[in-house]
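In order of appearance the chains are A, B, C and D, and numbering begins at 1 in each one.
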Amino acid sequence: MHNEHFYTLTASCPDQVGIIAHVSGFIAEHGGWILESSYHSDNDSDSNANRYFMRMEIRAASLSCGIEEFCRKFAPLAARLEMDWQVTDSAVKKRVVVLVSKQEHCLYDLLARWQAKELNIEIPCVISNHETFRGFVEWHGIPFHHVPVTLDNKPAAYAEVARLFQEARGDCMVLARYMQIIPPELCAAYPGRILNIHHSFLPSFVGAKPYHQAYQRGVKLIGATCHFVTPELDQGPIIEQDVIRIDHSDSVEDMVRYGKDIEKAVLARGLRYFLEDRVLLHGNKTVVFR
Amino acid sequence: MHNEHFYTLTASCPDQVGIIAHVSGFIAEHGGWILESSYHSDNDSDSNANRYFMRMEIRAASLSCGIEEFCRKFAPLAARLEMDWQVTDSAVKKRVVVLVSKQEHCLYDLLARWQAKELNIEIPCVISNHETFRGFVEWHGIPFHHVPVTLDNKPAAYAEVARLFQEARGDCMVLARYMQIIPPELCAAYPGRILNIHHSFLPSFVGAKPYHQAYQRGVKLIGATCHFVTPELDQGPIIEQDVIRIDHSDSVEDMVRYGKDIEKAVLARGLRYFLEDRVLLHGNKTVVFR
Amino acid sequence: MHNEHFYTLTASCPDQVGIIAHVSGFIAEHGGWILESSYHSDNDSDSNANRYFMRMEIRAASLSCGIEEFCRKFAPLAARLEMDWQVTDSAVKKRVVVLVSKQEHCLYDLLARWQAKELNIEIPCVISNHETFRGFVEWHGIPFHHVPVTLDNKPAAYAEVARLFQEARGDCMVLARYMQIIPPELCAAYPGRILNIHHSFLPSFVGAKPYHQAYQRGVKLIGATCHFVTPELDQGPIIEQDVIRIDHSDSVEDMVRYGKDIEKAVLARGLRYFLEDRVLLHGNKTVVFR
Amino acid sequence: MHNEHFYTLTASCPDQVGIIAHVSGFIAEHGGWILESSYHSDNDSDSNANRYFMRMEIRAASLSCGIEEFCRKFAPLAARLEMDWQVTDSAVKKRVVVLVSKQEHCLYDLLARWQAKELNIEIPCVISNHETFRGFVEWHGIPFHHVPVTLDNKPAAYAEVARLFQEARGDCMVLARYMQIIPPELCAAYPGRILNIHHSFLPSFVGAKPYHQAYQRGVKLIGATCHFVTPELDQGPIIEQDVIRIDHSDSVEDMVRYGKDIEKAVLARGLRYFLEDRVLLHGNKTVVFR
């Protein structure tokens, strides 16, 4: 990490000889100084079908042209390589819409990081199904929207969430222990843009009350999982996971408490990878260039 | 830990006021110096049904009587408290029968610990369904029994395993990546005495090829589980678990390799807890007094 | 952990036969139900000089007498055993005075835990050498005191800190990245009551700029240490430590950022152990009954 | 990781625009399929003095020429970029000479990995200052050399070690808890080729009896460090480190025992990184492309 102004090129394409040469050659022709670069070739299948992933940070000041011109010139090469690609600008903060319920640990953690400028983001608003954190959020100068969710109003409620997200020009939605199931339409509308923190080490203990399930099974470690939300509950691509040790003396309440520490840490790491364009989707899996 | 001669009393009983007082009072009356003691009250249910677990190490030289007399005198108190209990003697090495197949990592690890006297055990024999490690085992002066297991001979093969275990007066059987499913009758014959190392972080990825399952799901950590073998495959009480970080660049072969390091470490820790009488069964869970 | 009303007895004394029997016998005589108990015998030296440590949680409702009478009756036994001892009441919240400077991570983390009632404490006030967090702290309804510290006013400044701490009837002082060296007189006045979080894995990288030192040395893990403050800088008894992995690609700024996550986690764990009377001093070391 | 035949190009040079483009362009011209590639730019100092590090795995079968011709053609480019560079061949096993004393844990661990072909190495011989492991080593078909080291014979003994290493055409020397201080001349003769496992989390507890030092200081984690040996004792570039949690109940003997598990794991990881040409020296630090 560094504090310079840079552009991040991320791309994936069918693997073949010479991809790095082509792309790095193009960048060098335009004077581009590469600050960091990562590559991954998916070696699963036979080589004809391998997929190639890359991420490059280019110092903005070194480029002989602006970002638009760079992209315009890069497009034909990308097309020839059949690339999915994008270029982001470190000077443009990503806009993160946070959804919370009544638990504070993830919200406090995210706002502390935002406040300390540790996360290079805007938080255009916080949305909650409860009023609990209005004061806390507004004290930070961030708009707070209360969108109650009941058994009867779900379609209307999530239409409102979607409207607020669009109005906020959000880049991603972070479910910071939101405790509500996002309807499939909303998931489908923003693939790879809704991040959730699940309070178990998936795929163990899918669904409700994972700590109760963990307690019943007598596991010796519990965990948390940051993943993209997809229409299939708790089945989306995993971005980051971690665990913490427990033992026989820990009650479900203890697990909940320990779990919070893992949840906020895993969410913060997963979100940072996402914000720095380090997470590339590969089917139902992720490539994470840490 | 220490190198003194000591007795280990382990017990569980219905919880009530005064258990520690009764037991420690009895020990003090006989001059017993307590080197280490651990207690656990299961707080789950309502207090009338709580269960209490304890483990105490008593310096042998401090007792005013021998172990047999100590046990004889303790029995009435234990009966009054409705205890399941036992006393073991640190001077009597436990007899560990090791079952292996064709993978060396757990076997080498166990024999290195035995050789270094790090584990206070006898290994009366190693049993394998392959000849692979005969030379290595016999070089250490340990008898090696080849008991082939085929689709047709299972009942006979496991009858032979049971016979060898009895002949060896084994205290426990360690499946050091034995790769065969122990038949229910054998599991049932030795409850809490057969330890397995499973190459996944249970309850994730039960059954065959857990690393392939982990690869497909795209998890960011893989693990291993040391558990008691019960007739239900991979469902026995968990003794110890651990995990290791992986990422998108790791193939199934990499996972297998990393996994070996976790497997042998988790097996060694779980076995040590068992050998030191630190593992008490509680239904399908364990209390582990580390 | 549990949510019952209980008393916690902690004690240390010269080791001898029968301590548990005496103490647990006394508790049982008064009807005391023991919820959790931990013991440690320091085996270092020859047995005559061994020291014994204990911690017991007793359900308040089970005792046949109140806490004052319990203590009065226990005193003669404690005297006979030459005990250092205390009994605390879970219904009486400890009063934690927090000292901060300009970094938010530990402060936000502590207030989130306080807000969520995860820590059973009062925060009578926050003291800082900067005005930075006045608004944030006061929003939580907690008094904020600005006590500037300059090269010239140190004695007066720390006299004011001591006065505020006394006025607040503080049980402990938490230096939540306070970034100032506490003068020896203040350390000496509150032994075992001032907790600091040091941003290195002590004893590595004592003193200023530990992350710079770690970077220069090229270590592969960095850490944090929660310890009691003593007159000797960074030499006090260690309560808790942890580490996080770094690599060659991490700059000092990255280390500072990762370090924050470890610092707040280690401080929160260390503080919890202290608040639950799990930390017993043993010379310049600690016994921590987790 | 994969099982293909490949060449590994590692290089470092002053940083400038276009390095990846030049090198990957050269490889692509010769048909080279890049299996894995890693880059690191040292961002410490001002950019004019930055140093650039790279590692690329090239599928052997994809190259239009042999390795010698590839190197001959690459040399002028490398010279123009002022590179330190080398190309290794995955089909040529590195030759690892192991030095041991009387502790088995690292030796058993390395031989198990060698036996399982988990490490792609030859072990031309084991050298020891004791006869302890002659039988074990020779059983594996590996020559064993006993070179006693006394206060009087050090120069002669290490001359013999150097002679055996040369005779064995060793690529590296692994001190698998060798417990002797290698004389500066030998260190200087093989820079970056002698790996040691130190039984502490350096720079803590330099020198003798680190576990005793850790016990005295009351740390809550102990560790191990794999590093290159240099003439300054315990000051060489660090390759890998790890830690394990301990507490007040652990004696020095317990620490020694736990430490062994960390020592062998850290040594195995560090050695693997070295064998796969993932470790590049950068002054007294390392770049490790994991």
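Throughout what follows, a contact is a pair of C-beta atoms (placed from the backbone, for glycine too) under 8 Å apart; a residue touches a chain by one contact, two chains touch by 3 or more.
Protein identities per chain, from UniProt: A, B, C, D = Formyltetrahydrofolate deformylase.
Values in this document were obtained by computation on a predicted structure and should not be read as measured data.
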| item | value |
| --- | --- |
| Distance-maximising chain from subunit B - centres being C-alpha averages | A |
| Rounded Å distance, subunit A centre to subunit C centre (Cα mean) | 36 |
| Whole-Å gap between the CA centroids of subunit C and subunit D | 41 |
| Numbers and ranges of subunit B residues touching at least 2 other chains | 2, 36, 43, 249, 251 |
| Chain-level touch network, classified as line, ring, star, complete or other | complete |
| Touching residues (chain side subunit A, partner subunit C) in the complex | 1-3, 36, 103-105, 108-109, 111-113, 115-116, 118, 135-136, 139, 249-251, 253-254, 257, 260-261, 265, 268 |
| Complex interface listing, subunit A residues touching subunit B | 40, 43-44, 201-205, 217-221, 223, 237-243, 247-249, 251, 282, 284-288, 290 |
| Residue ranges of subunit B in contact with subunit C within the complex | 2, 17-18, 20-22, 24-25, 27-28, 31-39, 41, 43, 47, 62 |
